[in-house]
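As written, the chain order gives the labels A, B and C, with residue 1 at the start of each chain.
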């Protein structure tokens, strides 16, 4: 059991997909304008990760080597489509907010990366916890970035404006600010890693 | 035997000693004083405050960052002073105190030190700060004060008025030239700017290639496309308004962020002119000089690569 | 069909909503491959070719297969399969025609399949140039042109960035920001300066 917990925690800190592996940055930057969006995307991506990791681990022995990437893509695309349709039906506002980045989960480097690097070689249970850890790590990174961007860039937290006289720096809500923030955060985490 | 490919020999100006780099910086500071003095005279003491805050913050930020990264503290070389000064010159005259402070910190930290300091930055630090401030707090960055009134009555810049279609009466060219108009602290008094620019040109600290091609290109483009029908544009108006003169002579000419060769500099000037004109005529913003120069800064490594003169002895 | 619409698509795709600096599509390859100019140029040209062709092919599939048979929910799956197949096909052709070119591209070619920009522009086309499950007038030409322009925007950002990063190789960068963090900060400043074209109206 301890092994599984380790597997799970690995995805959150030591091999955090966003800050350590630098994967899946496209949706991270695009979607992290508000915490709600960040959480929504995180949950969607986690669901897809779990589904694809498990299925791929199950059928890994049946897939011929040469066509493995297209096969992974079909599996992932199926789960993404399920997510897309569910979101359209039950949460259309979130779907509109996330826009094209929902179908783009299919090419999210994290999902395909874990399938190729892990699920194709490990057991089903291990793959499940790996997917869970990576998904949660991704979601936490999204929450961190969106919280900073939402507060400093729009003066809001979860949609509410706590301090009325605060002058938000609009650039953080823009693509430029997102790139800047990621650059500074990556630099910051580098600094911490080197201090250790 | 050292790898010859790592040695980049460029055309002059060669800067031989550290002192002469510093001396040139301070000469540029001196050449900028008339423009600042004119700005303070036209807009009042709030402008002076912005200038002081900008310069002091720039110097402090550079000192702190250099100490933290264990590098030599070089704030006396004049480059941080110039950045703070130019940033302030690009601000409206009445801004909350924290605006030049945050701008200067951003200019020095992100525009310069993160690249490793003087000589290594790609983008003009003052413009990086200005564009950042404009994106963050557009409300404060576009509230210009009426000239020679020393109160808080606002007046749009000539270019802003033009873009909104509110420029009903033509502003006298002499007013534009002397600075009797809304605008940023250091950009309005063309006379003062030209005095400083003449000083730099005569002493050979900057060359005419970039500023003249920049201004000329802007003039030609706005003449051809800037009016109703072709060849009817008010090119003199466009040359005298906005931050064109300030940008062309003092920011586009920054050694570190502009091309090394004469040919490259001409390309740089033309590029800046084209982009500035396009933004002014058809873009959403009234003025495009800052964006134009930054975009051409990004292209400078490329321009340098393809206009490098051949070194004797290498293939 | 409107000529100014083409100009708008061009300015939007290349400058204002630049696929990398504004829409964040293709970031992974952008940060990873923009360190040197030659690979950057190779990747850009390959991406431009794939975005253009896949814009065309996915348009046909959407217009003549998915919409008439009410299968639009299969958009994601069908688009990505098309792209993956097409990239595989291109790889085979290049390998046959010009082995040196194939070696030059190396692993970059298969990587295009997962380049967000390719799937992204296909999805964008289906959203922008179709309304109520019908193609707008000129939809095919707008879609193809947008595919080309997205490729151009990608190339512009890649080339500028590679020129900058090559120059910075000779510099003494603070260790904490070396490579990735600085690349993002440069991208941020580039994104900020491209914003100058906002509100473009011809």
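Criterion: contacts are C-beta pairs under 8 Å (C-beta built on N, C-alpha and C of every residue); 3 or more make two chains touch, one makes a residue touch a chain.
A quick note: this is a predicted structure, and the numbers were derived from the prediction, not measured.
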Which chain pair has the highest count of C-beta pairs that touch? A-C
Central chain, going by Cα centroids? C
Distance between the centres, which are taken as Cα means, of chain C and chain A, whole angstrom: 21
Please compute the C-alpha centroid of chain A, do the same for chain B, then give the distance between them in whole Å. 41
Using mean CA coordinates as chain centres, what's the gap between chain B and chain C in Å? 33
Which positions in chain B touch two or more other chains at once? 110, 132, 135
In chain C, the residues touching two or more other chains are 177, 182, 185, 189, 192, 195
For chain A, jot down the residues that touch at least 2 other chains. 171, 174, 176-177, 180
Residues of chain C that touch chain B when the two form their complex: 159-160, 163-164, 166-168, 170-174, 177, 182, 185-186, 189-190, 192-202
Name, in rising order, each residue of chain B that touches chain C in their complex. 6, 8, 69, 110-111, 113-117, 120, 122-123, 128, 131-132, 135, 275, 278-279, 282-285, 288, 290-292, 294-295, 298-299, 301-302, 304-305
Complex contact set, residues of chain A against chain B: 167, 169-172, 174, 176-177, 180
Residues of chain C defined as touching chain A within the complex: 21-28, 31, 73-77, 79-81, 84-85, 88, 110, 113-116, 119-120, 123-124, 127, 175-177, 180-185, 187-189, 191-192, 195
Touching residues (chain side chain A, partner chain C) in the complex: 22-23, 25-27, 29-30, 69-70, 73-74, 77-78, 80-81, 84-85, 100, 103-104, 106-107, 109, 112, 171, 174-180, 182-184, 186-188, 190-191, 194
